[in-house]
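Here chain A shows up in two complexes: once beside chain B, once beside chain C.
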Partner chain A sequence: MRAHPHTTSRSRRKTGRRHPLATLALIAIGLGLTGGGYAAFNSSTASAETATASKQSVDEGKKLFMANCATCHGLNASGTDNGPSLIGVGAAAVDFQVGTGRMPMAMQGPQAEEKPVQFTDDQVKSLAAYVATLGPGPAIPDASLLKPDGDAAKGGELFRVNCAMCHNVAGAGGALTEGKFAPDLHNVTPAHIYEAMVTGPQNMPVFNNLNITPTDKRDIITYLTYIRENPSPGGFELGGLGPVSEGLFLWIFGLGSIVALTVWITAKSN
Partner chain B sequence: MSTTSAAPKAASNGGFTAAAATYLEERTSISAVVKEFGRKIFPDHWSFLLGEVALYSFVVILLSGTFLTFFFQASMAETVYNGSYAPLKGVEMSAAMNSTLNISFDIRGGLLMRQVHHWAALLFVAAIGLHMLRIFFTGAFRKPRELNWVIGFMLFILAMAEGFTGYSLPDDLLSGNGLRIIDGMVKGLPLVGTWISFLLFGGEFPGTAIVGRLYTLHILLLPALVVAFIALHLTFVVVHKHTQYAAAGRTQQNVVGYPILPVYAAKAGGFFFIVFGVIVLIASLFTINPIWNYGPYDPSPVSAGTQPDWYIGFADGALRLVPPGWEFVWLDRTWSFNIIVPVLVLGLFIVTVAIYPFLEAWITGDKREHHIADRPRNNPGRTAVGAAGVTFYAALWAAASSDIIATHFKLTMEGVIHTLQACLILGPIVAYIIAKRICIALQKKDRTIALHGYESGRIVRLPGGEYIEVHEQLDEYERWRLVSFESYQPLMLRPNSRGKITASNRLRAGLSRWFFEDRIAPVTRGEIEGGHGHH
Partner chain C sequence: MAQDDNGGSDLAAADSSAVELVRAGDPGTAVLLQDPVENPGFPPHRKRVTDKDPKKNKRAERTVYTLFYLSIVGSIWAIAAYMLFPIESNVGQVRANTLFIGLGIALALLALGFGAVHWGKALMADHEGIDVRHPVEGTPATQARAVEIFQQANEESGFGRRTLIRNSLIGALVAFPLPAVVLFRGLGPQNQNPADLLRHTMWKKGTRLTKDPSGVPIKASDVTLGSVFHVIPEGLNDREDMLEQKAKAAVLLMRLKPTDLHVSPERKNWNYDGIVAYSKICTHVGCPVALYEQQTHHLLCPCHQSQFDITHEAEVIFGPAKRPLPQLPITVDADGYLVARSDFHEPVGPSFWERH
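Moving on, here comes the complex of A and B:
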């Protein structure tokens, strides 16, 4: 969903510049369109299948669970000393944790780190479907809740009040205690943002639908999408970290270049 | 009557330029000034330009700041934003925030000017800091320049005040959080804190008065003081003449360099445009203080990574490094030391910086004028004290970004804080020892080179089979640089005229011993002449 607008903007930029590799770019666009079309066709048939074959998906999910998750979460997902019970966490929690690569964890640590996703999309959905059968919990959000066409201003306000103290106003992330941290939100998909809010992964609190309504959640997603897709009007953002990166930049590059220039000005001519 | 009749005569002789010059001269006697200043000599060294960088960035700040005042509204009246930045449309905010957003998005060149102003402000304080370090480590604050050091120090404090008041004006979330911390610091002062806070904010924080008040300070009182102090500072530079580094032909009585007219004026004028250019280049490429991200101030949210601008960072860091629980309950009241202790420590540090020239003069007992700047190695005691001070400041400074250090280096917050607490106490001691040893080692090297020459890399086999490396002697000019410095001996503790040894005398002798006990004396003429015989 997010990859599509990205490829078009990139290819438009290349051809607009009359790059010497324009032919290559054209071929790439052609291949991209064919591939994309094929993938779209493929996924539409796949989703049609899952709707009818959810029993099969649950069984598949159970097998994956036994092989990959049961070591820590227990054979019946009721938890062990090494991992919490998954009964009632819902499909959304699985889709977030596994879909962002946080689960299965590589090792115990202050918190589960994001890493390359270990399963295909179908496998993630199967796992989610299986865990959802264990007890009622938040479901994977419907696509209509994720469209970034809400009220960005309201979303921004909600984000500043509810999220910025950990994630930073620009979504750049921030530190928590004991080595834990709130991650950078720039490359998080709308679905994962929504799921994080309803399930409260790791140290994040749960923002349920009474606390922040689904429309408000969509506004927050709209705001985050806006700041991701609209780079700073002031130029390079220096990580969006605020005065620390500004100060470091000024001392190293600003004052550094000025000092280099003073040396140049006072250098004796040969 | 006679002067008026002279003018037409000159005009007929030398044309319009001469006539204009005569006209001016007759009415202003400006030739005396041109004669005096035009032939004023300034020595040429890159480190002497750092103060100029500060001056020029201040000019840039004045120019860009004037532009900003045309459009900024220093009011906390409630408005609803209706400008062109979509994610804030319809959001309630103060007129100050609203007008700052308009400057950023709806006024032509406004965002560039805002960024020029802010980057120039950061550069202004940074250049002052580096300039002060240069003055400190070369001992350029010694008699007769002690008062000018204090004036420069006042400028540093004023620059920080200018910066902080400016940072607080847009009334965005970040600046409001910064003010909240100041409010907390003020309220943390015993007895008077709450009163001062209410006086400052015109009631309970944040109130509706603070932006207007800070604006008056920011554009009226503080700049007037800065300009006045700069004028005084530069007058003193002219009166005292500039210091210079030791070299052949440079003495305490002369200044070797270029005259203001035409060389220095051209160089300095060109350098102004270079500094201006660098600032504009940075401002046009790099975002600073993106208030549209921060949103309007609201006392409830605080963003992760909320920091002051770099020059206030050391104060923020001091607050972060205070261990928890420095308070007790007595007489039904909580007595907290969490705020007052860091405030006092910072105050002591700052006052020590301000009065350092007088301290050093008292310790050395040196009443002579010094116009030759020291090489840092030639005064190991001072250089080591400076290194300790820099380390102390750096630990506080780093502490202000403890959260960002933790996330970016994958460390724990607690680990970073505890490490910096240790650095704050132990770092200066370690830095002192290391800097002192390095200085003394460098002096020893200089001494060896002055006496025995430098290793030429040419190996010669003597008739007896012995191999030696030929040492080349330095030329006279080079050697002069190495040997012309002063070294103080520790003061002897002697009874005064009434036959008593006072406590202050003991302290002074102790400090003098601490400063000058380990020292390398400069090479004397006799040693050089004697040394030639060996090789």
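Moving on, here comes the complex of A and C:
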């Protein structure tokens, strides 16, 4: 989605030209307009839909729910032994879980993993509209909260305090207990990042709007977009996983070449 | 190959002398084998291609000097890269600068090394030699001479005789490291017992829990079920020793269903309606423990995989940590903000000298 062309950026670009952080701002604004422009296009239609939340859409969603979700979540979405209650999880939870392919789950496991999305966008919105009628919960975020044109530095600080311990400082993800893991954030859309913070999917804690305000959330999205779009100045990242991948690389290639050189030096010439 | 005085071209002689040199009773080396493995000697000498074929010899020579010339090219390239890829405005240039200078220097050093080794292996004289280990101890004559040298030095310098000079010299050498001791001591807490400092944090009765890093106070109603707040004590950001205090006072705040908590009687009023606060400093070696799983209520330390069970007062369920995370007793004040009831009831973080 990042490849979406932007045509309206020219006028905004002029404003920050003489500022010392012009380059940074330029990149941020550029990204903001590409990502945000697309997201705006994407969710403006969505919010319009949820705003009206037509009876037809809710009915459609209920049918989809009965056919695809009720086995685990129960006919009234009040939960069974195999799945939690969905009353009050809100449209945001559905948009995240179904929109990233995590739901419906292929099988029970340590956690629901991302996989190809099983429904069309319209179907996801219908499902979300239906679940939203079950009880008050977080709605799908407005496009204005998803534009990555906030304060990337502040977003970075908030990310390091609240998110980096699980998702890695570079957003590369990391292991949790007993087969669970915090996923890589590099290819997650701003809407899904926002929804994950608001709803706390699976074992992720909830970061509600009183903890991390919507503006703060936008700053975090800005930071993640910034580190995704800007190559690491340090050269090869090796996945940004820190000592695991870097150590493995050195053990195999660094020590390997030292062993090879030692063998060569001490072997008798032909 | 280099040979020292007692290294022999006569292998049998060298071998037998080596065995004799191992004296019985010498500590650590006194293992005398009754039936030692027979020395198989060297395999038959095999000539290298460079010894047999003058063409190959010539080629090896060419390889070696080409590598040395390549090394010169690398060095010059590194200088050129320094000028061609200057660091002027952005970080991207740092990368190009380091990359190309590094490639030049790497080429210079590697070509030099490979050339030298190839020279040694392919062209330098090729014959096997043996160096025999000899005892570290010198001959009696050498030892006597050494003693004599020391005595003479003592006599001529007057080190033993001029005691004032000797003692003042020893005194000077003892005094010399003292400034370092004092300077390093100055890095530690002054006029305070370090153990006491480790036992207490900034938290005290009535200190509000605030958000890290903004310092905004937290209302109990803000902490919804499944939430995690990273918490610092109110006023931390205004402290001059902010980092030292934060290292001890950092707290993780979570809300669980009150029915999920197994609260011991003496901690009955330490949580507020399922909201619990635990020290974020691991009791193993002090990493920040903050990987909270909201369904399992496990808290994982990323450094050594210690796991704490929040439902059971942060008891250790896996990993090297020895003690549960200390709990911060909390309640709400009149305005609904979360406040500490007191400081932690035990020292936070890893063991130290006075606490095991």
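By our rule, the second predicted complex is superposed on the first by the 201 of 270 C-alpha atoms of A that agree within 3 Å, B and C clash if a C-alpha of one lies under 4 Å from a C-alpha of the other, contacts with A are read in each partner's own complex, and residues count from 1 in each chain.
We take it that a contact is a pair of C-beta atoms (placed from the backbone, for glycine too) under 8 Å apart; a residue touches a chain by one contact, two chains touch by 3 or more.
All values reported here derive from a predicted model rather than from experimental measurement.
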Three-chain arrangement built on chain A, chain B and chain C clash or fit: clash
Touching partner for A:118 - first (chain B), second (chain C), both, neither: neither
Partner chain(s) touched by A:215 [first = chain B, second = chain C, both, neither]: neither
Touching partner for A:166 - first (chain B), second (chain C), both, neither: both
Contacts of A:241 with chain B and chain C, given as first, second, both or neither: first
Which of chain B and chain C A:259 touches, first, second, both or neither: first
Which superposed partner A:133 touches (first chain B, second chain C, both, neither): neither
Partner chain in contact with A:205 - chain B first, chain C second, else both or neither: second
Touching both chain C and chain B, counted on chain A across the two superposed complexes: 157, 161, 165-166, 174, 176-178, 182, 233-235, 265
Residues on chain A engaged by chain C in the complex (per definition of touch): 23, 157-158, 161-162, 165-166, 174, 176-178, 180, 182, 200, 202-208, 210-211, 233-235, 264-265, 268-270
Footprint of chain A on chain C - complex, ascending: 46, 48-50, 90-92, 94-95, 99, 117, 121-122, 126, 211-213, 219, 222-230, 254, 288, 290-296, 298, 300, 302, 305, 307, 318
Chain A residues within the chain B interface of the complex: 110, 152-153, 155-157, 160-161, 164-170, 172-179, 181-182, 223, 226-227, 232-238, 240-251, 253-255, 257-259, 261-263, 265-266
Residues of chain B that touch chain A when the two form their complex: 44-50, 53, 86-91, 104-105, 111, 115, 119, 122-123, 126-127, 130, 173-174, 267, 270-271, 274-275, 278-279, 282, 284-290, 292-295, 298, 300-310, 313, 400-404, 406-407, 410-415
